[in-house]
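Chain lettering (A, B and C) follows the sequence in which the chains are written, and residue indices restart at 1 in each chain.
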Amino acid sequence: MSEDMTEALRRVEAAVFAASQPVPARTLDALLPEGMVLDEVMAALGAAYAPRGVNLARVAEGWQFRTAPDVAPYLRKVVEQPRRLPRVAMETIAIIAYHQPVTRTEIEEIRGATLSQNTLDLLLETGLITPRGRKETPGRPTLWGTTPAFLAQFGLSDLRALPKREDLLIDPAVPAAPETPPEPPT
Amino acid sequence: METEALVLKLDGFEGPLDLLLELARAQKVDLARISILALVEQFLAVIEGARRVRLELAADWLVMAAWLTWLKSRLLVPQLGESEEAETAADILAARLIDLQTIREAARWLGQRPQLGWDVFARGAPEDFVETDRSKLRADLSGLLSAYLAARRRAGGRQQYRPKPMLFFSVQNALERIGRMLGAVPDWASLEQFLPESLEDGLPRRAAIAATLIAGLEMAKDGRLNLRQDEKFGPILMRGRPEELDQGDE
Amino acid sequence: MSEDMTEALRRVEAAVFAASQPVPARTLDALLPEGMVLDEVMAALGAAYAPRGVNLARVAEGWQFRTAPDVAPYLRKVVEQPRRLPRVAMETIAIIAYHQPVTRTEIEEIRGATLSQNTLDLLLETGLITPRGRKETPGRPTLWGTTPAFLAQFGLSDLRALPKREDLLIDPAVPAAPETPPEPPT
């Protein structure tokens, strides 16, 4: 490995490691020695960390180190964890993700059920959704959209990383193999 | 039997659309090809069953039931001349079910992602390398000048109301007086002896004592006299330095 | 490297990474596969990170990852936030500028208010004023004057570049109504 590459890896590694939030490309680019290409450096960094307990992930328009999913059961003893989102909240965030910007009424039409205050509070509190202006219709209802925290929460590089709607329905009878180990009973 | 079971679980559904989707999925065919008619009949059967066990039904369930009854009649008897309208309505219903199913799948897809804070964890103790430099001052000349004006005006404004200052025996006066008297007093003398005559009691007298003491301290520092106090709160004694006395003798 | 060692490294690496506090030995010990010795695992982890942009550090309470000292300067970002001087300090410095050399008592007379030690300390700390000897009166009070830093701060070539007092106090005989709200009692 060239000396430049070693130095570049050390700098971007430190920068991504130090941050709690995904680090955008331009921040990392500014750290590189002259003539180094960020994509190559990040690919090398990702490869170096792939087998380890901490992995490099491309999320929310940036890079972030995250623990490997398979060590999670051990960490749950060490790290405090937020509660899982209930099904209603998951469906609501899915609607907002796919239909944004979207009003509360539109969300309720798709689900065929009213959206409870609790669910809205929970999604706002977790920072997963945010108002995106108002719809120019009578009553000017608030439009909702997802935040970078939503991308970070679900490990998405951007909204295009969501599966296409057509692909979701291909064979709903056979659920895809889960990527994560089965949850321990709560 | 299946219907009976559904009636009891009606509360578990997120609304009539949720139940319709559940019934449609039970047909075990592609959602795009489900039998709307069969679906409608199943839904109405559940509502009937709920009424039989006198379940209180929310308005949206009854609205859906009424609409589906209308849809069923048109689908069964196309001769009524509104078959196109009924088919459109059936298509819309099918599309809504597909939309809901899509969202269910999307929610499930998201739920299976390794979630931050549960399946994966970010750095717990981030390091902050941002330093705030507060050493510079935000102050310019115009601010300086207006501050000067403000200070002068305020002081000027106050002077108008300042009462005539009382004239006390000052340190300067005391310096002169002690300097004059030292030659005339050869030995230790109490501080009171250096006070001017005919002082008013109270503040003027206390001020004169203070001024004389300060002047005495000043002169002691310069080596022109000695000060002595034999006990706490006892009388303070002053004496000129010998050379000072000698000079006085000459 | 044994399979157990690889797995042990992944777990402690992830745990130290994700924890918000240094992780104590007993916590890490509980994560190890049967028969592994913590000291050996941590030594191996430390060695793996030693040449990198992030190092494993042993602190009083346990282990922690820290940015390598030589990389830290690249990550450092300095944000300038010039502070404002309080009004009292501005008035004091203005009086010193116009009346120097001047004693504290004289400043108080000009301002018509006492000068707190805090304000004097603050001005000394800014380097805008400096002692200029003592006045030969009883008590020999310190005389204050401005510094070259004062000239630089206010963009003055020298003290004569300050506007004349007569130009500022157009009619000093008639004090104008104060422009500023009355001082709060101190």
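Just so it is clear, a contact is a pair of C-beta atoms (placed from the backbone, for glycine too) under 8 Å apart; a residue touches a chain by one contact, two chains touch by 3 or more.
Nothing here was measured: the structure is a model prediction, and the numbers come from that model.
Novice: If you take the mean of the Cα atoms for each chain, which one ends up farthest from chain C?
Specialist: A
Novice: Can you figure out the chain closest to the middle, judged by Cα centres?
Specialist: Closest to the centre of all protein C-alpha atoms: chain B.
Novice: So how far apart, in whole Å, are chain A and chain B when each is placed at the average of its C-alpha atoms?
Specialist: That pair's centroid distance is 29 Å.
Novice: Please tell me the distance, in whole Å, between the geometric centres of chain B and chain C computed from their C-alpha atoms.
Specialist: Taking the average C-alpha coordinate of chain B and of chain C, the gap between them is 22 Å.
Novice: If you average the CA atoms of chain A and of chain C, how many Å lie between those two points?
Specialist: 37
Novice: Would you please write down the residue numbers of chain B that are in contact with two or more other chains?
Specialist: In chain B, residues 121-124, 127, 129 touch at least two other chains, as defined above.
Novice: Which residues of chain A are in contact with two or more other chains?
Specialist: 17-18, 65, 67-68, 75, 79
Novice: If we count contacts the way the header does, which residues on chain C are in touch with chain A in the complex?
Specialist: 6, 9-15, 17-20, 23, 27, 30-31, 52-54, 65, 67-68, 71-72, 74-75
Novice: Quick check on the complex: what are the chain C residues that touch chain B?
Specialist: Listed in rising order, the residues of chain C that touch chain B are 14, 17-21, 64-67, 72, 75-85, 87, 90-95, 97-98, 109-113, 126, 128, 138-139, 153-156, 163, 168-169, 172, 175-180, 183.
Novice: Could you pull out which chain B residues touch chain C in their complex?
Specialist: Residues 121-125, 127, 129-134, 136-141, 143-160, 171-172, 175, 214-215, 218 of chain B touch chain C in their complex.
Novice: Show which residues of chain B lie in contact with chain A when the two form their complex.
Specialist: Result: residues 14-18, 20, 25, 28, 31, 96, 98-124, 126-129 of chain B touch chain A.
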